[in-house]
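Should a chain be cited, it is by its letter among A, B, C, D and E, assigned in written order, with residues numbered from 1 in that chain.
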Amino acid sequence: MFPFAFEWIAEPTRYVFMGALYAVLIALIIILHYCAIRAFLDMICKKKNHNHH
Amino acid sequence: MSTTEEKEQAVAENEQAKGGDEQAAEVAPVKPGTWRFLIPIAAFALGFMSHFSLGWVILPPILYAEKQQPIDFSHKLHVDEVGDCEGCHYFREDGSFSGIPELENCAECHEEAMGEDPEEAKLITEYIEPGKEIPWLIYARQPQCVFFSHAAHVKMGEMDCAICHGPIGDSDHVRPYQYNRLTKYSRDIWGWNIAGLSKNGWDYLKQADNSGEIKIEHAARMKMDDCAECHMEKRGTHDACFVCHK
Amino acid sequence: MDSASAPFDSALFPEGVKRCKFKWFLFWVAVLHGPIMVGVIGTLMCWGLALNVTYLNNNYPFGLWIAADLGIIALGGGAFFTGFLRYVVNIEELKNIVNYAVVIGVICYAAAQGILGIDIGQPLRGWFIFWHANVHSMLTEVAFCITCYFMVLCIEYLPLILENRQINKLGFFHGLAHHLHGAMPTIAAVGVFLSFFHQGSLGGVPGVLYGRPFAFREGFLVWPWTFFLAILSAIACGPCFTILVTWFTEKCAGKQLVKKNVIDILAKISGRLLVLYLILKILDTIVWVGLAKGVGAPFSSFYANQPYGYWVLITEIGILGIIPAMLLLSERVRRNEAGLIIACLLNCAGIFMNRWIIVVQTCAQPVMSFDKFVSYHPNWVEYATTLVFVWVGAVVIMLSYRYLPIFPQEKELNPL
Amino acid sequence: MKEAHHKADEKTYKFGMVIDLDKCTGCGACMVACMAENNLPFRKDNSDRLRSNLWMRVYKISNGRSFPDLDISFIPRPCQHCEGHGHHAATPCVSVCPATATDYSHETGIVSQVYTRCFGCRYCMAACPYHVRVFNWWDPTWPKGMSKYLNPDVSVRMRGVVEKCSFCYHRYQRAKNKAYAEERRELHEDEYQTACTQACPAGAITFGDLKNPEHKVYKLKKSPYAFRLLEKLGTNPKIYYVSTRDWVRKAGDVYLGKEGKDVTHA
Amino acid sequence: MKLDRRTFIELIVGFSAGAGGGFMATPVNWKLMDDMTIWSQELWPRYQLGGLKGSLPQQGKVTHADSVCNLCPGGCGITVRKVGDRATKIEGREGYPVNDGGICPLGAAGLQLLYGPWRIPSPLKRIGKRGSGNFEKISWDEAINEVVQKLGNLRQKGQSHTVACILGSDEGTVPRLFDRFLTAYGSPNFIRTASAEDTYELALGLMQGTTGSVGYDLERANFILSFGSGLIEGWGSPVRVIQAHSTWRSGDLKDRATVVQIEPRLSNTAAKADNWHPINPGTEAALALGLAHVIIKESLYNADFIGKHTFGFEDWSDSSGKTYMGFKRLVRTEYTPEAVAKITGLPAKKILTLARAFAKAKRPLAVWGRGKGTVSGSLYECMTVHALNALTGNINKPGGVSARPQVATRSWPEVERDATALSGSRRPRIDGAGSNRYPLTRYLPDRWSQVMNGGKAGAIQALLVHGADPYFTTLDSAAVAKAFDAIPFVVSFSTCLDETAYHADLILPNHHYLERWEDLPTPVGLQKPILGMLRPVVSPQFDTRHAGDVLMTIAKSMGGSVASAFPWDDYETLLKETMGDKWGSLEAAGYIVNEGYKPSAWSKAFGTPSGKFEFYITAFDQAGVKIGKDVGYLPHYEPVQPEGNPATYPLILIPTELMRLADGAVGNPPFCTKTLEETELKKNDLFVEVNPKTAADYGLSEGHHAMLETAKGKAKVLVHLFEGIMPGVIGIPKGLGHAAYDDYLAGKGVNANSLIGVVEDPVTGLSAAWGVRAKLTRV
């Protein structure tokens, strides 16, 4: 599954396939974290704003 | 969603505001809310540290159980006497490896006590006289799905015993046999470093080439990827499954 | 809302909608737990006593489970395709049904994975498919994409949960839901990418078996062409399945939840895709006859053993293919509720039958001349463990409908 | 799978069998020898062939005529160890295994099965047209004391995994061990023989390196009466059969029926 | 600070996230996942490997030990592969003169009998009702005492002749010990279980005047005409015959031997034969005579042999001038192809072709012995087949048939019999063998039970059984069971819990054949004398003792002349002494083969009154056999009517014998049962083979249950439609229907012997039954 695993064989199909997989996983992780961090920041900021009122 | 979104957001903010007010009332003395975000962070840090140390420090020793060998055997003494490993750990005629000597081999010399060592006395009274095989605990025993050929490695590959087994020939005492509570496999198979990152015997040997002195502290790890790594290096192929599996 | 007559959990309901009494809700959930328990018992038997409790055997390594897996995922294809139409093609009206398509998708994909978990002989080693992946295997592709796409579906489902009236009150969750909505086109695009692959790979699962002339198809790029047929069939039937489930939900809820024009868009697209699929499927059948003959397997031999006679081919392509396609193309039929539902039913049944054929009939066809044909039918354990996901799905739908704002048009269509 | 490149001194083989169906009497000794050699489990009721675990199975086939024109022949069927060729460059079962639990060895031409890797998806079974792969539908059990005869050279398989004939690969390993101990790399023909070959009282099975002209199989496979099962599918199996009976040879290809006339053989 | 809900949630979520992250950042989670996998693969209780409980087969030093297999009369050499002290595999012994490396399925599964749960762990004494299977363990001393007391009492009461022994063989030291024991003890009742040998030995004795068993030079024959012999299905020494079959199938197509099978059913042998001629069951003799007719008519016989070395071929007259009909005239007049075609159902044209092909072949050989040769058969049928061999001059020639002696061993001192022994031995045998009625026959294994049931219930007071399972293998199981019930004391020396042991009062378990020394005389059907030696390959697994030792201990405990008949310390001493100077080579090689052995030339070969091969049996009159009619002195066709009324039982049931199904004294091991076809056994029901035409007549269909009924019993069976069986005939496999052993064998199918009764041969008294009338009805 990982390029450092001994079972990894350097062949184009494997790079394409696993590359696509990792791209998808990374995209999903980025999206989730992006949204979570934005939400977290919103929460903090809003609080501040609210408290200043 | 978007049709109702704004409205809902408004509602939510309203709710939030209410919550905030309550908070403010309760912890009024200090500037409320400015440090509040530290609560989850502190909780996170606490969780991280506790489990980090759990994983690195607390669990590893619990994972392994320990047994003592039936007899405290001195390899050094015997190597001095016999000369080399093959004297006791020999190849049979069919090319298979004898492994740990049977009682018969021990009895060849120890029919009568040769010295005054209490361990030798134990060997004679508990095993040789009643003719009971010694239940040695084998550090390097592989799982049943593995086929390992000593002939291929020692005879063809010309590898030294110490590469995999470590400098066991220099030891005066046998070390305790540690095994994984879950798998029941010897700890020597997976490697002594809990991270599984311990260096292999051949790495030590490479070092030795450079420094001129061999420093193999433990046996090599003997998991599948270690086998494959060396095979790749030496044979240029990972080899088919059936080379090592049965 | 009249607080006196409102159910006690009404605080959790979406804003401005009416839901049944909690005791009735509880009653139906309890009723569904009957068959669910049967399924759980079947599952425990499979895991505890090993797979000899099924009617699978060495001639039928694949049976109902794998056929159902392929079928469920094809039907769940409505989720990605609706998402694709909504977020990528940007058909605005579909926002009114895309939430529900996601819920159905989550259920279908969870079911597919659950069934696989029962089907494999060593479930505890199931993760080997990822860890020791053989990228040349269609099943690896399927497993990876299904898992990833299931994650995508969960991410798509997540904002719906967060929009629950009470959860949404928490600022963080509210914000998260909001931002996730913003990211939805990207997520949907990722989902579409994944879905194209695994829908196709599922078609490729039997298509690559060159030892089985019944299933084998020549390749196009790295895939047999059933890969593309499977994608096409999934997007042709997925929307119909969404329509079917929506219709059934409306019947149960006793009210309209989605406007007719939204349904009609899906039905129309479905019909056109089905026509395209059928053309290619018929072409495929013609080419396949020649292909099989080339390796010594005459067409007639495939339909020589009952119950797999010629009727299979006629039913699959004719009754469950051409007829629903014709129905769905006709606007008059689509506008007629009964007509639409019959068309959708036939369409979904056709796809399911196709999946059964490419999985089970493939195993059924003896290849060696001296091989004996044996018939297979699933036993109760297989049925129970497969259907358990229908019942669980029903519970999930009931919960989602009751507590989550799934249907944006509900309030408008059913003013209090 | 990637072609394994071996160092120059590494001898490669292509092990295969030639089974003389004229000699085969259907006695079943190969099946029993295989079961005894490879630790195959047995059950109180083994009468369901669809679920019984046989690596070597002797098929009893008939020409389908009526009394007294009926004729019967036996076809012992171990794993065919397909090589695949041309368009189908891979063994049917190997390419489909999602967890790389089975592979094709370019050193020996043997298709392996690693039981601890297999998780029991059974895709390989669907891929194999010869039904050589069997699934462990039950936990294997041995009556008390019976496990004493188990062969330590072969793993005992757990439930829920697929298994199949390995050409008694462990015997190859043992033979190599011996050769290595004698500082040899190459094996003699008689050093590595499968259990069924050795047991066959009729001497119907011949085993050896198909590409070594000095091995018996090399000559035998060239018999005008030789054929392989499902030749046309392109699986390129390594089991050759020899029969002087026409209908038996024809039965070797896909779907006998009326279309069975144009059977070809290697 | 008050812990409000929100803080609580934040703490929980934060901590969990941290915990997860922290734990993920350690190696232990990966390690645990890995370990869990291994645990799940090998150690998780549900996945534990069956009864192994984690103790997987241990490695060790691999050694090979040679011995001989005695699971059937085949006597193959075996090599047992051992790992440490465990036997792990039985393989055929390379270079052994019988089987040269080959092995049969039963032999290969022998270890399942060694380590199986059917082994008898120690001496057992019956405690429950007989046949209930309830035994208690007792010590060897108690067990032997019990036998000594019982036998001692009988002897004191002057009833020593009521003790009988049933053994599977009468050759070799252990059977001879039993025989000697009876002689010293005072009983004539040594019985050998049934086989085709019974009849063949008689036929050879009568026609050739020789003692010894039949030896076929199969390997060198090039036209093999088999009268219902399951050549490749366990007939003779199974592996040896299969290897001979391969010889016939080797070489250029045109040089290959021809095999012709005469049998009403397409057995494996018939399927592998070049020609299969289905004939009406039981008419083999008629066909043989029909072939003889053609051979004689067309002068295709060996004139040299017939002219110089035979008697009774042509008509002849005795000193008084009375003319007797010769074989030639009988055959010429009675057995024209047309007449034979009518009897056998084989067209006359085929008879002609077959006869010519047989007679013109270079080295033709006609073989006899139905199936595996486990039934005695008809004397005249055997003689007609043997006459065919004589016509082609095929006696004592390469590729022919001969009477083969045993490897000579040292004889034992004469038994000094006391008065009891003398009077006891002179009493008539219980089975009537050697009596006025059946003066020629030595043993009548199928008859003793009939005699007992026919009003002589007390005739056997004690029965010792060794190396045989008469309870299972004797025809007419119900009669055998009844006879067993009437025997007050049954002792079994069996290693496994077979049917006889199961119904015994006392079991004195012998060592398994891989645990003991024993000599094994020449396997059945072999043309050269061989002596094999069973050698202990593993140490005894249970508290068992060698039957030879046990018997000698019993004898010695009885004292007096019985004890003094056994002057040896133990069995091993006896064995060494008996083998004499051969012991050295036997111990080293494990066998002795008389390679140089050649059957005598024709001029010296025949010990008949005429000194020639006799078509006309003069020995009948000498022995006092009442023949009655003239034709009775010649090989002729004497129909053996199957038991049952044709009106009630319209069909004919014949037993079929399968290579994968042991039907002798040894129960089928699980591996062999596993190899049975789906059309032979399904769950606990066996299949009978029925021709689709017959099935249609009786409304039977494939895989459905039916009731099979004969005059002897009935059983529920499954129907298998088989185009290879003659219409009107039903085939039932032999070897199933065990009640003893254990779940791997017991309760599966029905014992064919329970459906077939005994039809006594008029001359020998042996069972000539080849089948039985039956009816098959749908259920």
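Just so we're on the same page, a contact is a pair of C-beta atoms (placed from the backbone, for glycine too) under 8 Å apart; a residue touches a chain by one contact, two chains touch by 3 or more.
What you are looking at is a predicted structure, and each value in this text was computed from that prediction instead of being measured.
K.L.:
Counting C-beta pairs in contact, does C-E beat A-C or the other way around?
P.N.:
Of the two interfaces, C-E and A-C, more C-beta pairs touch across A-C.
K.L.:
Just grab the chain with the largest centre-to-centre distance to chain A, centres being mean Cα coordinates.
P.N.:
For chain A, the chain whose C-alpha mean is farthest off is E.
K.L.:
Report the chain whose mean Cα position is at the greatest distance from that of chain C.
P.N.:
Most distant chain from chain C: E.
K.L.:
By C-alpha centroid distance to the whole-protein centroid, which chain wins?
P.N.:
Ranked by how close its C-alpha centre lies to the overall one, first comes D.
K.L.:
Let me have the rounded angstrom distance from the C-alpha centre of chain C over to the C-alpha centre of chain D, please.
P.N.:
From the centre of chain C to the centre of chain D is 40 Å.
K.L.:
Between chain A and chain B, what distance separates the C-alpha centroids? Give it in angstrom.
P.N.:
Here the centre of chain B sits 33 Å away from the centre of chain A.
K.L.:
In whole angstrom, what separates the CA-based centres of chain B and chain E?
P.N.:
58
K.L.:
Just how far, in Å, is the C-alpha centre of chain D from the one of chain A?
P.N.:
48
K.L.:
Give the residues of chain D touching no fewer than two other chains, as numbers and ranges.
P.N.:
Where chain D meets two or more other chains at a single residue, that happens at 1, 48, 100-101, 116-117, 139, 156, 158-160.
K.L.:
Among all residues of chain E, which ones touch two or more of the remaining chains?
P.N.:
6, 36, 41-42, 46-47, 56-57, 59
K.L.:
Which parts of chain B, given as residue numbers and ranges, touch two or more other chains?
P.N.:
13, 16, 19, 94, 96, 143-144, 238 - these are the residues of chain B that touch more than one other chain.
K.L.:
Touching residues of chain A toward chain C in the complex: what are they?
P.N.:
For this pair, the touching residues of chain A are 1, 7, 13-14, 17-18, 21, 24-25, 27-28, 31-32, 34-36, 38-40, 42-43, 46-47.
K.L.:
Provide the residue numbers of chain E that touch chain C in the complex, in ascending order.
P.N.:
The contact residues of chain E facing chain C are 6, 9, 36-37, 40-41, 44, 46-47.
K.L.:
Considering only the defined contacts, which chain E positions touch chain B in the complex?
P.N.:
1-2, 4, 6-7, 10-23, 25-32, 35-36, 38-39, 42-43, 54, 56-57, 59, 61-62
K.L.:
Okay, in this complex, where on chain D does chain E touch?
P.N.:
20, 22-23, 25-29, 31-33, 35-37, 39, 41-42, 44-49, 52, 54, 58, 60, 62, 65-68, 70-74, 116, 139-152, 156-160, 195, 198-204, 244
K.L.:
Quick one: which bits of chain C touch chain D in the complex? Just the residue numbers, please.
P.N.:
For this pair, the touching residues of chain C are 50-52, 56-62, 116, 119-123, 125-126, 128-129, 131-134, 136-140, 143, 205-206, 208-213, 294-298, 301, 362-363, 367-371, 374.
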